[in-house]
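Each of the next two complexes has chain A plus one other chain: chain B in the first, chain C in the second.
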Partner chain A sequence: MSRVLVPCHVKGTVALQVGDVRTSQGRPGVLVIDVTFPSVAPFELQEITFKNYYTAFLSIRVRHHPSAHTPAKWVTCLRDYCLMPDPHSEEGAQEYVSLFRHQSPSMTFPKWLSHPVPCEQPALLCEGLPDPSRVSSEVQQMWALTEMIRASHTSARIGRFDVDGCYDLNLLSYT
Partner chain B sequence: MAVLPVPLPSAKMATVEKRRPTVIPPTGFTDSGRPSVSQAAGATESEEDFLRQVGVTEMLRAALLKVLEARPEEPIAFLAHYFENMGLRSPVNGGAGEPPGQLLLQQQRLGRALWHLRLAHHSQRAAFNNNVTVAYECLSAGGRRKRPGLDGRTYSELLRRICRDGRAPDEVVAPLLRKVQCRDHEAVPLSVFRAGTLTCFVLLEFVARAAALFRLLQEPAAAVADRRVGQAVLDTLEGALRASDAAAPARFLEAGSRLGPDSLALALDRAVGGRRPGAPMTRAEFLERAAALFIAKVKPVG
Partner chain C sequence: MLQEESDLSLIIAQIVQKLKGSNLYSQLERQAWASLQRPEIKLESLKEDIKEFFKISGWEKKLQNAVYSELSVFPLPSHPAAPPEHLKEPLVYMRKAQGSWEKRILKSLNSMCTELSIPLARKRPVGEQKELLNKWNEMGTDEPDLSLFRPVYAPKDFLEVLINLRNPNYENGDSLSFRTHLGLIQVPLKVKDIPELKECFVELGLNTGQLGIDDSTQVPPELFENEHVRIGQKVLAEQDSAAAQQYIRQGSPTALRAELWALILNISSEPEDVLYYEQLKTNVIQHDLLVDSLIYKDVKLTASNDDYYFVFEDYLYQVLLCFSRDTSVLSHFAYNSASPPKSYIRGKLGLEEYAVFYPPNGVIPFHGFSMYVAPLCFLYHEPSKLYQIFREMYVRFFFRLHSISSHPSGIVSLCLLFETLLQTYLPQLFYHLREIGAQPLRISFKWMVRAFSGYLATDQLLLLWDRILGYNSLEILAVLAAAVFAFRAVNLMEVTSLAAAEAVLADLSTLKVMPLLQIFLFATVT
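Now for the complex of A and B:
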């Protein structure tokens, strides 16, 4: 599949900060770069390549036109993607970065679909084994009866005073 | 001067008429609307009065109540047995002649108590408890040569009879009886009596289920089962019972999941697939070992 460069127009950075730019001190931490595509023909974006210059985290939002009738909406493709593991170090500060489409989370399936629970399919039973559902039914009833009798015990004592069936006075226990 | 209202003479006479006792006041029949007040005492006896006098009304009422409580599958046969047992209540020769011996009386009492205990299935707990109380009173009633109360010997005899009549093999129930029987001389209170009889009936049902289970496991041609299969099933049940030893409520979920068809199928598959078949397991052995799992959970009398 051949890849085609899409002509785009990168606008100047705009600092996001609260308050007046001129009067407040300090430099803002978030900058926004707008990228527009002058060509009208629809395309599927596969890859974005750029060279980093001391940006630690990157978020990409795309204005998505699903069709001609529905209004366009903004979709976050990438959120806080880490370009520099340690913002105070040099690592990743001036790297070339390629971002691919599959990295965008909006393109992936919902989590529960992408990780189906591995269920052990019972292998084909050997010939001659009894029907498990009927066996299970009987065993469950037996278990229930045992549980019932375990639960229903009387605390009444019969008042025995002998030890091992013997009434020898010297061996009387006080149970 | 105010005068107190005097009750109408006719109403007063009516109450007096009603109170004249020719028969015991009816308990089941509502005939307050009937003009019985016009009858003079002892004159014409209606059929109703006759039935009431000989006690048939009360007897039939009690019989119908028993049927409603027990809900038997064959009500006619049930009623037949009921009336047959009624005859045991009063001495055959109405008091004249030699009264039946002590041994015969004891057997009669046992028979009657057994009959009461079998009226309702143990799962119909309210009816079963009622019957237990009646049976206990029947056995504890004092007689000419018998002191009131239930002694251990009669109680143990009753338990043996329950198990024997339930067609459970002796070697299967013997360990249970050893646990719940009482010494001959001991006085058995009602709570112990109830617990013991309930345990016996539940064991009988357990053994019946185990027998049905064995029929599922046994080879088509022979009356024995593959030892690996039988052992796997018993081990699964034992494991589930052990899982429910812990106190947390989640134990039931765990035990239940072990006994589900999928997990049982896996256990059976695993048991058969690796080992050579050993000596086959007989029905008697299977029942005995299954019952042992049940009896292990029974609290002994003490």
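Now for the complex of A and C:
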């Protein structure tokens, strides 16, 4: 099954604050980002990828339409997922994060997202490493990935530092 | 596939890719082909038989060591969406700071170039090449005029840059409060406290035997030393890198140290390696680089003046000049926040086909750089082996001491760890030193940047570097720096100026590092 990017519209952040924004001194601790999907065709959401910028905990709520006749309601898919183990230090502050469907046991999707395959028990905790021989046979499937790595840099040693025997240089470049 | 499985597959794929270009791969291939002659290899069970053969003949162990080496050095593969810069350094503001710092260095080098009218690189005329080849083993006798050259930077210049590092997203509050950093480093990196350090350095505990403590003359060798040496010999016989790394946490016997370090760093001197070194030597003979003069100057100013290391002066040139020409060092920039300086062939400015790195290894030496090599001269006397060991130590550890990054073993984290340990466990001392204008980091910074080389007695330094290898981390440098302050706390409380504080801490040559570390971590009331 191939995976495609789903076009989505990410709205600006809205601070959740009690009281008047103008007079209140404190900084809001909670911000809300609305994400909408302009295309109407049903899809199975597999993965959400984003780059963090100093968010400590993340919750995801999805608006659920069970059927055409019942009113829509909000369902929490993920609650307080920790992105920064120590919010006062830099750990995890600017990391790239992927959230997968199987990570949320209660992750149910609205009907218009199609019927998700019943997922296996999320194995986030260590059950011991997967069987290496099985994994190494899966390396065949990862070959596409290896090709990508190969394309990005060569592991062979480059011996030469000159260009056709010439190493007569200008000044060092700043770009 | 579940996330952990796909991570593992990705790691395997990356390591396979890396090892495919190595000598070991071609050796294993040759061995596999040769093994087909053997009677025990049967066609029906070819794969299993060859694997068994590798196990018995010790080749599997070599492969294990190579994989272990890759895992120790290369960071885990990051998220597929992360660009290469993210692997070098995940925090944008640190990357920017490193970029600005590098620009300053480049400007400094360029201005030295134009002021002295000396080219960055030039091809040596044949006569000069012959001359250099003749005196390759005694380059120390040369007394070139280096008065016009100045080091590109000194550790204290670098410290000023680190002091000015700021996270744009970090709000300290305008007024001085509990939370404001009392020390010089103002970025909120995560550093370990003593309970966490005790867990991390558990083998340094009071109940575990240590070389550097339990091998002193008063302690009968039957209690610890003899057994420890016996185990060390066994580890060497097994040729197991991971076991060696675990073993060396308790220190290495002097007689075994050279081999143990080579095993941990996965250095074996194959003929190809000696040939590679000879090729680098040829590059030195053929081209003269401006950085060569910087290296000469640095050696003359530091190692040559040191009672322990002046005898190795010639070795230092033989290693450092070759190091500058070694393009294989460029690969470490994938996980180093720094980037190699770029230049263009004269007359071809801006044309990418004529873009080169300068120096060829991308590393511009600073004042004190040669001290990273000097202690190794006590262990290795064959130039190509000495060279390989130094290069591996540099791309695993030393590069972190002079580049700006958020890595736990990076110099910024070490500085913050040092300051935090002092503030938390010696608050009176810290406060007193601040009051008299002697910020402790200003004194300890130079020790950490040089990994204490040139400050400790050599046998003590080697015991310290044993632990750097054993724990695959430089955090021990910050802990030792704090332990030194703790040791001299009484004297330091009595001083009233920065100069006096520096005088108290000027001479570390009598210190015994392992007792200091043990007391600070395990025997201080917290």
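One rule holds for everything that comes next: the second predicted complex is superposed on the first by the 106 of 175 C-alpha atoms of A that agree within 3 Å, B and C clash if a C-alpha of one lies under 4 Å from a C-alpha of the other, contacts with A are read in each partner's own complex, and residues count from 1 in each chain.
Note that contacts are C-beta pairs under 8 Å (C-beta built on N, C-alpha and C of every residue); 3 or more make two chains touch, one makes a residue touch a chain.
Since we're looking at a predicted model, the values are computed, not measured.
Of the two partner chains placed around the shared chain by superposition, chain C is the only one that A:F100 touches, whereas chain B remains out of contact. Of the two partner chains placed around the shared chain by superposition, chain C is the only one that A:Y54 touches, whereas chain B remains out of contact. Within the superposed three-chain arrangement, the count of touched residues of chain A is higher for C, of the candidates chain B and chain C. Overlaid on A, the two complexes show chain B and chain C touching the same residues of chain A, namely 120, 123, 129-130, 135-136, 138-139, 141-143, 145-146, 149-150, 152-154, 156-160, 175. Residues 182-183, 186-189, 191-192, 194-195, 198-199, 202-203, 205-206, 209-210, 212-213, 216-217, 219, 229, 233, 236-237, 240-241, 244, 255-256, 259-262, 264-266, 268-269, 272-273, 290, 293-294, 297-299, 301-302 of chain B touch chain A in their complex. Interface of chain C with chain A (complex): residues 1-5, 8-10, 12-14, 16-18, 20-22, 78-79, 81-82, 84, 86, 90-92, 103, 106-107, 109-110, 113-114, 119-123, 167, 169, 171, 187-190, 279, 283, 287, 325, 327-328, 330-331, 334, 341-347, 349, 353-358, 360, 406. Across the complex, chain B is touched by residues 120, 122-123, 125-126, 128-136, 138-143, 145-150, 152-154, 156-160, 165, 175 of chain A. Of all the residues in chain A, the ones that touch chain C in their complex are 27, 49, 51, 53-54, 86, 88-91, 93-98, 100, 102, 120, 123, 129-130, 135-136, 138-139, 141-143, 145-146, 149-150, 152-163, 166-175.
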